[in-house]
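Working notes for the structure below.
The letters A, B, C and D name the chains in turn, as written, and every chain counts its residues from 1.
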Amino acid sequence: MKVDIEQLNKSFGTVVAVHDLNLDIRAGEFVAFLGPSGCGKTTTLLMIAGIYKPTGGVIRFGERVVNTVQPRDRNIGMVFQSYALYPHMSVFENIAYPLKLKGVSKDEQRVRVQRSADVMGIGDLLHRRPGQLSGGQQQRVALGRALVKEPDVLLFDEPLSNLDARLRLTMRGEIKALQKRLGITSIYVTHDQVEALTMADRIAVMNEGLLEAYDTPDDLYDHPKTLFIASFVGNPPMNILPIQAALEGDAVILQNDALRLPVRSERALKAAQQHGDLLMGVRPEDVTLSADGALCGEVFVVEPLGREDMIDVRIGQHRLAALVTTEKRIRAGNRVRLDINADKLQFFDPASKRSILWT
Amino acid sequence: MNVDETLSAPLADLSPTTVVPPPWLKMLIQIARNCLVVTVILALLALVFGSILRPALEAVNVNEELTALLSWLLIAAIPPALYLTVGFTARTLRNAHPARALVVALLAATLVYGATLLWNAAFPAAQAAQGQPSLEMTFAQADSGVVIESIVAGSAAEQAGLRVGDVITAIRRESIDLAALQSRIEEEPLGTPFRLRVQRDGEEFQVTVNSIASATGAGNAALSRAAAGRAVALVVTAVGLLVPFNWLPYLLLGVTLLPLLLGYTWLIVATFSQETHGLLPVDSTGSLGGLTLSNWDFLTEVSRRGSVWTYTLNSFAIAVIMTAALLVLCSMAAYALSRMEFRGRRLFLSFTLILHGFPAVTLLIPIYLVLLNLGALPIIGEYIGFNTLGGIALVEIAFGMPFGVWLMKGFFDNISWDMERSALIDGANRWRTFWEIILPQIRPGLFALGIFSFVGGWNTYLIPATFSTGTRIANLPVYIQQLLGETNPINWNEIAAIGLFQMIPILILFVFAQEYLLNIYSGGSKGSS
Amino acid sequence: MHCAPTATGTFLGMGMAAVTTTQSKRTSSGRPNLTAYLFLMPAVVLVVLFFLIPTILVLYISMTNLTSANFTADIAQMEFIGFANFTTLFNDQFAQKILFNTLFYVLVTMAIFNVGASLFVSLLTTHINRRASFVFRALWLLPRITAGTVYIMMWRRMIADPPFGILNQALGAVGGTPITGSEYVWTFVVIVNGMIGMSFGMVIFTAAIESISKDIMNAALVDGSTMLQRIRYIILPLLRWPLLFVISYQTLSLLTSYEQILLLTNGGPGLYQTEVWALTAYHRALSNYFGNAQWGYGSAFAVVLVVIGVLLAALYMRVFRFRDLVAEPKIETL
Amino acid sequence: MKKVLGLTILVVVGLLMGSAAFAQETIDISVRCVGGEIDRWRCENFAAVEEQVEAELGISLNLTLTHDAKAWADYKNEFLLAAQAGEAPDIILSGHEDVGAWAPAGFIIPLDDLIAQHSEFEDIVPTLWESQSWDGQVWAIPQDSEARPIFFSRLLLADLGWSEEEIASLPERVRMGEFTFEDMIATAEQAVAEGVVESGYGFYHRPSIGFDWLPYYLGHGGEIMIEDGTLVFDTEAALGAYELIASFAARGVTRPDMIGYDWTQMYTEVAPADQVLFYQGGTWQWADWAVNYIADLGGNDYLLENMGLMLFPAMTEEEGPLTLTHPLSYMISSSSEHPEVAMALLAAVTTVEANNRHAIESFHLGILNAQVEAEPYKSHPVLSTAHYMLDYTRSAPNHPSYSAWANAYWLGITAAHTGEATPEEAVQLAVETLQNELGDGITIR
């Protein structure tokens, strides 16, 4: 089932929660809504679920406009952050509830619940109450309940955020695998970019009610179209430095009050054509220690990340984060020289905050 | 030592190891300062109540005795408050140097004792200075009565014709022994005429002797009682200082609860006694004893007013109807108000709030008219009009509703929205969601409201008393009140038994469901706290 | 990063309420939701029957000279006399005394018991052993769940003259002079009502004190504060809202409840000594020794209370933070 | 099978119709009475005559008798509400003064025509009929009558030094006007001074509102209703009454907290005759005491030995000694469907036999001329000694506004008694209240 969203608007009183949202979700696709909390992604999801009424615009399931269709008639499944299990019902009753409401016979209920529970690996917990289950098990029950009626669309509202880090990793893989296997169109709301990047086919990044980007994870990471995407996607976040670019022979000189960096790259050339102030973005993994690096600064924080150290270098009044191998044993206060991978640079127009490379 | 000692150590200093014992002088100064502050505050308050508020209230024609009582209490509170102050201050020392703490406490308490003695002497115990009333005779106990041992020459007693050796048998018509005679003389105000029944040589006659102030032993009794009281306070202070237990809150709570405890104790004692004098069971002659089960005969008796079980049944019917209806009604209305969007929601909500504080009990007059009209309805009118159980229950339900809706709304507000959304997505409509998903979640709320409604319906007096006639549908409280009426001799002990009987279901609920009862208001105010 | 509040945002309610005219327009444009009305229906019927109609009726009756001698349930037949009853009421020599009685009763009971004692008891019970505190609190609840008639019977015995009275027995034991109930009648009226009223505040204050985060209390403990300091600087400021709630709610309760006074003193002894306004309405209309009930005149007394009640209730809506209450439901479907 | 079914239906229908026909002859009559246990015959007399009336009228009666001890105010209010709701009992027992309020309201029916049909009523003491009338019609049937005398303790008078003869002749001396109210208070004062009784125990009176207060007003020459039917408040008489009442506590013969005192407590003190010297009460209280308060001291015999009763001594020379009666009456409510049957029942209980049951057990005075001559009334030790009092009785008028009058009068009494107002102020208080509430309906003299 494909889902189309056109010009979707939602406001609460005078507060606009979702503004002119356009999205198309292909049948069987796994789409993540990514954004900081309160950016309108959950509101959009609830509109798709039929809990909220859109103020304007259209939501289409296949060819059917579902704006005024009751949630129970949309044939969707939803998994909530709080799991929303019914505490007074056993696991079996929880999973069977959608079937019961559909009027499915008791025998069939039993079969389908068992099947769904087995898929989720909770087949032996059916007689328990939700209160007697661990967080991961509850999450599986919630998923089982969402799946049991074989929904056309599966909605996830930050389903993993209440789990501990380890479990989150496992569940992430399982959900992804399950979705691929069943091929149910899925929409997944999260504020955790790793989840979005690892699970989704496409990611819709939202900010303040607006759709910032709608792309595959790779494109979002490598070709961020806006400054927001660039700084939001990726961990640790991208370094952003104000800069001016000027052509000097075949090299491009990137400079500001504290640094001067001659580079040779296609991207830099493109930037040099844009006169005036620019914002340069570079990911910490693209900053390297180099004895003859063009940049020089003082380390003032070292964050050991295990395999690597992240160092924060002060260059003039600017700061640059870099990932370096632990063997260098850099300490705060050391002066270091840095080099930058010129092929991975990003450039943004400070006024429009849009990329000058990918538009 | 109890579990949450850290939080429940109101009086103890918190970190004994870090306390540096202050110098003796400093501590004594501190004690003196604290005592002074406490005294001044209490005295000021007493002044405000006694000398300012009281006349002010008098001027506007309001009874002033409460303020008088308060001011008196405040003055009386000064000595104990000072003891406590000393205790508080010296207590910091306790953990580090218990022995020194005791010395300081005793020393300071003795000082305070002396000071308050002076204070008390200047204050209301002034009558003690007047001297003890006396009949100017001395007595001895004999088999036949109280024998006069000696008479002051020229005294009123002598002039009345009493002689040594006369036997006093009674004051007025009450026979009396030595102890009773002496305490009577002591207690009655000066100048009280004592009508003594005297026997001399087998003849009986009566004389009246007025009591006068005696020169000797003036006011010792009153003072010694006060002294005993202070000694007790002193001991309590000292013990309180040394016993590592937070006794003060218990003491205060116990004291404030005392009237209630006494009252309920009486209720229980009375049901098994012929009569009671205070808390003591007595028989018909007024002497201790007279325990009986006959007060409970009402359980099987059918009197002119019918059997008590009829009233019980009526009580039960009102309570049950009210509980059931309120549960359904309030949860439905509260659910809509809490979780649904509809035109007029704001209006309804503000209405509920206003009703919450509406003086409905003052509307009994027009409600009577409403009931009359309801009673005129075809078919159902017979069950819900004036003088029907249904009508009474209906008024009770209406009166209980604003609170119930308010309470239930608080509980609904706390239910997770995701739960309800989930149910809707699973395919339920609002009614099923309400019934199958939400209601089971607010079971504590339903219990609380249910119990509260039942208690309310079971105990209700004013409405059945006003809207029923005769005894057909009267409930237990109406029955009890009617037994307390003025046209009938009041048999307190039988009524106490019926009262206790009436309380039994409540007490059972109380024992098994007090947590819900204790939750009742907090649930209701949650929505807005 | 600022982000517009969404439905999941916690401050939605505030956002809603902050918006004025256009906002409320939108709210009231919510659809006439049939299901919601069905849910509300039974409650609404009762409200109309036993609150709305009676209020209108009492206003009307207060302007008629309805007495038992010309009694009729038919409104059209009642004799309309305008504001004559109110003139009589304001000319009544005792109206002023009754009014002061009422104010005195409400203020003193409120100050000493409904707020004072309940705060005192909740502070004490939250600072002692949990089990014991539970027992104490439960005991304090007893007066509220005892039938008024039984409770008052108990008290009548408590303050009876010697040799029956419990209080006088206790006084006698310590050598005091006996007191009579009528001497201290206000004292007892206040105590008897206060002991019922205080459980309300106690429950609310206790819940509020217990809901104060343990972290705050522990922080205060670590800072080395004494119990009194903790009460003064942490607990009491946090109790501001429950205090307001209790005061506003209990004022109305005290103002309009008269059952206990009716049963205990019936307004006496002597000249309206403990008569309060609500009781007068009852006496005038529904309880007269010689059998003539003045329904119109009694209603005039009731109307005064209704007006005060509505005014107070309006005030009380402000205290109740009405805005929070109307937080929009987070499901819009249907 | 079908046959059986048909037969069954036939039988059931037949039974139903039969019972319906039977039910037609059963007439429901409900009676509402009030009073303590000793007043039980007020209602039970109906049960006693049930069969007789059934036989007379050839009907079957289903009597519902409700008798309890409700407070008067609640009792009357109950009837009021029930009457308007059409649920009033067929027969209600209440004070005769309610005729004044209930007749104009249409709650009860006039009985003139019905009375004529029963000869039993002819024997009723003629003066009693006055109190049953309003607007020229009779609306009620007397149920009992009483005297409200002053009781004196023979024991305490003896303690005071009175001789046997002095005590025995006291009622007669009062009757002759030799022993006045002032003499009585002075005696009480003397008893207090000599310690024979405690201070405040010299003279007890009713602790609450009621009819017992009228003698003070009437004894000072006051009138309540004049012939044209208007209410009067005589300020001079009221002042006299209030001054007298105020003097009780001031002179130390009465407890200052007497008003509002507990009834049971009061009876406990009065009944043994060893604490209270004089007590203003009613004859029926004697019966109550004998049964409920001093049964173990010897009951009635004890009372006869130690207690005596007399008229209210003269307060002024002109009015002389007096007492008050407050007859209770049966009325028939207008919602009664069978007033004739109710009337037949009333006639049946208005016999010497039936009424004596009540009079003897509860020490109320008789209502029938023949009753006085009949045993055991005639030889009853209390009733026979009190019967002469009927010649000195007064009673309250029947007037729709009597209640307002009595309430205002009572206000003055409370004010004067508690010392909240001087007697003059108390009169002013009563006058203002009357004018405020009754306007032109009251004449102040």
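In the analysis below, contacts are C-beta pairs under 8 Å (C-beta built on N, C-alpha and C of every residue); 3 or more make two chains touch, one makes a residue touch a chain.
Everything quoted here is computed from the prediction, not taken from an experiment.
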Task = Identify the chains adjacent to both subunit A and subunit C in the sense defined at the top.
result = B
Query = Between what two chains do the most C-beta pairs come into contact?
reply = B-C
Note = Outermost chain relative to subunit D, judged by CA means, is A
Task = Starting from the mean Cα coordinates of subunit A and subunit B, work out the distance between those two points in Å.
result = 64
Inquiry  = Roughly how far is subunit C from subunit D, centre to centre by C-alpha average, rounded to an integer in Å?
reply    = 41
Request  = List the centre-to-centre spacing of subunit B and subunit D in whole Å, with centres computed as mean CA coordinates.
outcome  = 38
Ask   = Centre to centre, by mean C-alpha position, how many angstrom separate subunit B and subunit C?
value = 19
Ask   = Of all residues in subunit A, which are in touch with two or more distinct other chains?
value = 46, 50-51, 70-71
Query = Considering subunit B alone, which of its residues make contact with at least two other chains?
reply = 372, 421, 424, 466, 492
Ask   = By residue number and range, which residues of subunit D touch two or more other chains?
value = 72, 74, 77, 84, 208
Remark   = Pairs of chains in contact here are A-B, A-C, B-C, B-D, C-D
Key: subunit A residues within the subunit B interface of the complex   = 46, 49-51, 70-72, 74, 76-78, 80-82, 84, 86-88, 97-98, 101-102, 145, 149, 155, 157
Ask   = Where on subunit D does subunit B make contact in their complex?
value = 30, 32, 34-37, 40, 43, 66-72, 74, 77-79, 81-82, 84-85, 87-89, 155, 159, 192-199, 208, 263-264, 267, 274-275, 288, 292-293, 296
Inquiry  = For the complex, give me every residue of subunit A touching subunit C.
reply    = 12-17, 36-40, 42-43, 46, 50-53, 70-71, 207-209
Message = Touching residues of subunit D toward subunit C in the complex: what are they?
response = 72-74, 76-77, 80, 84, 94-95, 97-98, 101-102, 104-105, 107, 208-210, 257, 259-262, 265, 400-404, 406-407, 411, 414-415, 417-418, 420-421, 429, 432-433, 436-437
Task = Can you check the complex and tell me which residues of subunit B touch subunit D?
result = 171-173, 192-195, 206, 208, 210, 284-285, 304-305, 368, 371-372, 375, 385-387, 465-472, 482-483, 485-490, 492
